[in-house]
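Alright, structures below, take your time with them.
You will see two complexes here that share chain A, one where it goes with chain B and one where it goes with chain C.
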Partner chain A sequence: MKPVLRSVVLLLVLAVRAPVHAADPSGAEIVKRSLDAFYYAGSDMRARVTMKLINPQGQVRSRDMTMLRLNTGTSGDQRYYIYFHAPADVKGTAFLVWKYPAKEDDRWIYVPALKLVKRIAADDKRSSFVGSDFTYEDVSGRDLEDETHTLLRSEDLAGRPVYVVESKPKAAEYARRISWIDRERWLPLKEEYQDARGATMRVFTADKVEQADKHWTVTARTMKNLQSGHRTEVVFQEIAYDMGLRPDVFTERYLRDAPAQWVR
Partner chain B sequence: MASAQADSPSLDGFVQSHVAVRTQRGACTPAVECDTPWAELRGQLKAEGRNASGSAAFLGRFDLLHDAVLNDTRIETRELYGDLVSDKASLRAGRQVITWGVGDLLFINDTFPKDWVAIFTGRPMQYLKLGSDALKLNAYPGPLTLELVAADFRPDRLPDVRRFIFSDPLPAGLPRRTGSPGHGTGELELSLKASGYLGNWELAGYASRSHYRSPAWRVAGGELVGRFPRLRTWGASLTGPVGQGVLSLEGGYYDSRDDRAGSDPAVDNSQLRALAGYTRQLWEDGTLGLQLYGERMRDYDAYRASLPAGFPAKDRLRTVATLRFTQLFAHQTVTFSLFGFFGLSERDRYLIPSLRYAVDDHLWAEVGINYFAGNRNGMFGALRDNRNLYLTVRYAF
Partner chain C sequence: MKRHSLVEWSIAHPRAVLWLVLLVTAAFMTQLPRMRTDTNPKNMLPPTSDVRVWNDAVDQTFALYEDMIVVGISHPRSVLNPATLARVRDITAAILGIGGVAARDVTSFTTIDNVTAEDGGLRVAPLLTKIPQTQAELAALRKTLMDSPLFIDRIVSRDERTTAIYVPLERGANGKEVADAIRAVVAGQSGEERYYVAGDPVARDTFGAEMFKLMGIFSPIAGMIMLAAIYFMFRNPALAGAMMLVSMVAIVWTMGLGIGLGFPIHIMSSMAPVFLMAIATDSIHIFNEFYFRYHERRDKRAAILDTMAAVSRPVRYTALATAAGFAVLLFMSIVPVRVFGGLIVFGTLALRLFSFTLIPAILTFLREDKLGSASAREDERPDPTAAALARLGGWGANAPVATVLGGLVLVAVAGLGMTRIVVNNNMVEWFRADSEVRIADRTINQALGGTSLGYLVVATGQPEAVKQPRTLRYIEGLQRHVETLPVVGKTLSVVDYVKRINRVLHDDDPKFDAVPDSAGTVAQYLFLFAMSAKPSDLDNVVDYPFQTANVWVQLKTWDAAAMKDVIEAAQAYQGDHPQQADIKPAGIAYFNLVWNNEVLWDMLKGFILALAVVFAILVANFRSVKWALVGYIPLLFTILLIYGVVGFAGKDFDMPISVLSCLALGMAVDFSIHFISRLKQRLAETGTDAASDPAALKEALVWTAARPGKGILRNALLFAAAFSVMLFAPLTPYMAVGAFIVAMMLLAALFTLLYLPALIVLLRGWLFKPGEKP
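Right, the complex of A and B next:
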């Protein structure tokens, strides 16, 4: 783009953007509400999740899972259970995560062919979730204090009013994350992960937002790696909240024997 | 919400080709399959299902196998069991794979049957474990998990003279016969595990009454008779997070019931075994695991005194270190793995580098090497004429 043209575009963009008002919540408050809405909705949740891993040539690999989540206590601790229905070679494999906001999560994997439960050592910030463009942290959430947050502006994104927030991590693979957060539903509608030079590495988009059991939920989402051209599309179905999941579902016993009531 | 509808039984499986090629043939004799110690075409079918409430379930896993080396076609029942499940307990009856303990390819309190030929010829890891024909009762009193296994004896699958080259200290030319423990009350194998969590540390205690799964040979009436000596074990394990990784500790005592004095050269001496392991992620998709393992004979003087002339003496303390490095590439479609056993006391090595490529959700191929080296009197060095290169291709459906 020519410099003059870029300036004109920039001016136009600025003209339609509302400035940050004193009455607006702080960046940290917005991100806190967004994390609550996106990762902590309800006291528990179940969803059937399909994940498509699509390489730049358009070849697709699929993962079909049941995900269970339970919020435990008020300090932000959570438990996740993820069971793989497909592909055939990993069917029956299950993950268990005990998530703690302030320290390393505990994580286990169950390997059905060996009837083996193994504790896994993995850094959730840097580990891809089953080869997808999502990290473990993208799946189970990051901590508010991992980043410093600044409200940049308010604007509209595809017809929704949003806050645009910049988050700078203390230590991560990205240098800066820009989030477009719905001002009414508090869900992130778009996120850009940028490197130190300001180039966008990954883009998250909420492709479909629906209400399930009173909770606004991102039911279709995409994470695209702009550097590799690889992308991952995720669809949530059969979503249910506040079912009264018991904590013992999130133990080694049910990692070995999938809880029939919830995993179908 | 959960609907009250039973899962219809599901059927999956794969077809697999696996070939292991010996990389050096100098030591071959006509009696041994020299070029390809293992070549197979295998089809597996797995059927599983359960009722709506999950209180009853079954699983069957059958392999139809053509062994091109021995020109033999057979059906193997890998697993076939039924489950009854309640809130407080569950029962599994039938052929089932059981894996206990916290070691990585090192076993102390897991005395269940294993297929060592499978690992030495590079077959996928699931073939390391053989199913036990067993009744397994799990109970969940309070925070504890209790597991009780009553099993029929099943021996390990050990390297045999048709596929492997190793020096055999037993007299040549005598017919050989093994006698398995029967079904008498004293011969039923019992294993018990009690485990629980203390915070996020898992503690477990184990005890078993079983048998050594490799035979002790004796000359009797003009033939070599192999028996499986009685074994009792007890031990404990502990695993939990330390720093950015996972620490695992395990120990156990092997009570050799048929040689408590340690003076029978045919039967293993009683031993104390222990291991310590630590695994952590190094960088994105790269993980390193290290283990240190030791086994110490209880009655070493009696062992030395009873050892027949010409047999190499084992050390009182055998120590092994292991390394596992795994690196995933290309959205986890390519896996490089290196597993190494390093015999510290026996000065031998066994290295298994491998590379796997998952072409799509159905098809993967893996190439790897089983590299044995070092002192021929060591456990791994004894196999050094069996270095092989393997290729596995699997199509899953």
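Right, the complex of A and C next:
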């Protein structure tokens, strides 16, 4: 290629892959807005969630659950209540998480066979969420300060304008995370988790984004583990926001006895 | 006389022969740089073989890894101290960064999941998230480790002096490279700890690497020794060089052909050069005879033609017998065995072609003045070697009954030894007892559950059946039964997790260290466990539909026989507890068992077939079943005696030994063919009526023992000298090959020169018709 021609091509490429402008928000600002949109939308939320765990042979384990979320206070504290409808032999198992951004979560589980509530000590937010390819962090969000964020570029992803942000954790099982964040809706549309060798370990994709009660919501998502070949598909249905959930739903009493108003 | 004219043409146009050979050799040589190597014994069986397909399926179903390296860390008093634990943490972290390591499933103190009862709650977390510093914290860790069957004998020894890091490898990773990287990591550690790197991939890939190094070092050394020995025998550097040239050309042709056809060089075909060098020594009979003839005739051309006339028949038939011995390998089921057999057949045929072309051509180039002085000593009477051989042959001929009986007694004793032969294969024991690989393996096996891993796959055939308490108790019983075997160090199954969770949910009450009574409870336990633990924990022991469970069986030895014991124990258990569950073995230990058996029985089958084919060739050569039977005996006795010694010595009958059997056959038969052919020639030349004139027969036998016998002895010594280098090899199969060949050649020569005369004298009435002139 002639030098002149090469410069022209280079310019074209640069024009399409819009460089970072001074007017763009910083990486940290983008991630902050994304965390808010993805994990904190509304004051509370309810959804019927089906989760499919698919192994490399294509065999499937399904979980069917109701998820309730309540944002408490302004410091980022949240409460999650998860009730399992299926598989049939675990029906009635319920799970409660009190999430604190700055310290380890509190978790409790109700085991119906023993009629027993047990506190689960958790000191690893990066462990698998109910056997899926999502970690607890993936489900309930990470802290902005856990990583340092750099805006790499802006581009289009499947017809949506996105910011591409690189996040490097201070300590995690991944060395680098690249996020494609919707410039208008602020939802992450794709994330790649890379190891220290630069190989992609896991890929998150938002397969379907819909508006539910005025909040843009990722209603279908996939996390694929490229190393094990395992993947998890999650679909949200019956989504409702700002229903006025009371904090007492998120207590041991309702763990034993599901709140019929919300769990159907 | 077509063959004879080939010799005549060759001595008429020696330069043309040389150029032609050079040209073909150059053509084959162009293939050599394309050489690919394959050191993985797994490829002895094709990827489509039942055991590999099955093992792959099991690996996929249970998200398992084909290969695992075990890193043992031991401390003179206890590994449970802050400094050692910190080192384990750092080493684990470093191992996670090594290429080829399946980082997500590395198991060590800092990565293994631990389910504990804590403050009335439940804790599922890596065992060691922070290094305990106080005595109280260390005591708590000790209690956790010693209380849990998930840890004891697996990542900590009962005497708490040893811990282990289990490092699974990604498919296709090189075990030796990863092991070397791990060794580099631990080498950087200070402190009292000692480190051991073990496991099948380490042994396998280290062996592969060592093997090629050895072939690179050993083959030239063996070649040099043979060169020196030939020079010592004939005192003529040109001649010694000529013999080496012949074998080198044959090696280039053979390896060139194999590589050109696209076969990778694997363990077996890497031995082809040494085998060919050995087979090439057969041409020493031509040189041997040539020197005698030249001494008699003093005319080089006539001596060459006379020599070829005298030895062409035995040389043709020995080559044929050797080729046939290896050709049977072409009908075996294992591809690398077939390739090996095919290559040796090709090389042997090439060598035979050289005997009638290249060697006569080279002989024409020898300078007559040098030859005169050298061959002057080749006269049987003043030569002490020939005299000794004549005495040896005379002894057999004069005391035939004693000799034959002595031999029979020896064989009977050998037969007793053969009953003690144990068929086994143990790759780790292919290393010397003082080698790093073997010390590591021994140490870890003594302290922990074992470095060799097999699986017992319990298939119920029904989804969700594994959650049934009945099934779990069946599996638990299987574990306890298999654990009674001394070779089994540790078993692990889904039952261990269920029992653990049951106990922890009941505030660590040992009463609940049992399988609960309802399937629903089991389901909820497993669900709870899957909610917090690494996904692989559960995946490794139960399949997705909860239809099939996988029991891990850690073995304390790499003996192929150990897995056989496990399988037999499992079958016995299944027989005692008839239930709707099928138990099938899998894993690397199972593969080794199958592979070992297949190769071994293939070689054994080949050997028996070769015995038959070689007998047929002897019959064709001697045109007599009687002579073939007699000629067969030295060969048979040699092999029986050696196997007797193998039995008495307690040496396992393993793959290298079984490969050698074919070589033994191919080589030892040469001696018989040479001896009997030349004896019959001599009887014909001297017009002896052997049946009615025992004295003349004895004289002919003594002559044969002295003159062609010298060629036989030279051949045997040459062989033995070259292969004795192998006794100093660092890998035991090479030592075994060395010892085996040295013993075989000397024994075969002895039996031929001593036992054949005795047999022939004893059976002369049966072998010779009265008045017959052979």
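Note that the second predicted complex is superposed on the first by the 247 of 264 C-alpha atoms of A that agree within 3 Å, B and C clash if a C-alpha of one lies under 4 Å from a C-alpha of the other, contacts with A are read in each partner's own complex, and residues count from 1 in each chain.
Please note the rule applied: a residue touches a chain if its C-beta (ideal position, glycine included) is under 8 Å from a C-beta of that chain, and two chains touch if they have at least 3 such contacts.
Every value quoted in this text rests on a predicted model; they were computed, and no experiment measured them.
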Following the superposition defined at the top, how do chain B and chain C come out on chain A, clash or fit? clash
Please indicate which partner A:Trp98 is in contact with in the superposed arrangement: first for chain B, second for chain C, both, or neither. first
Pick one for A:Gln59: touches chain B only (first), chain C only (second), both, or neither. both
Name the contact category of A:Gln237: first (chain B only), second (chain C only), both, or neither. neither
So, does A:Gln211 touch the first partner chain B, the second partner chain C, both, or neither? neither
Is A:Leu114 in contact with chain B, with chain C, with both, or with neither (first, second, both, neither)? both
Applying the touch criterion given at the start, work out whether A:Ser26 contacts chain B, chain C, both or neither, answering first, second, both or neither. neither
Counting only touches as set out at the top, which of chain B and chain C does A:Asp195 meet: first, second, both, neither? second
Both chain B and chain C touch chain A at residues 55, 59, 61, 87, 89, 113-114, 116, 119-123, 127-128, 130-131, 133, 230
Give every residue of chain A touching chain C within the complex, in rising order. 55-57, 59-61, 84, 87, 89-90, 93, 95, 109, 111-114, 116, 118-124, 127-131, 133, 195-197, 227-228, 230
Within their complex, state which residues of chain A touch chain B. 53, 55, 59, 61-62, 86-89, 91, 98, 104, 106, 113-116, 119-123, 126-128, 130-133, 173, 230, 240, 243, 252-253, 257, 259-262, 264
Within their complex, state which residues of chain C touch chain A. 60-61, 63, 97, 99, 102-104, 118-126, 129, 464, 467, 505, 516, 518-521, 523-525, 527-528, 530-536, 538-539, 543-545
Residue ranges of chain B in contact with chain A within the complex: 1-3, 7, 12-14, 50, 52-55, 57, 83, 85, 90, 96-99, 125-126, 128-129, 138, 140, 145, 200, 202, 239-241, 244-246, 248, 279-281, 283-285, 287, 328, 331-333, 360-362, 364, 394, 396-397
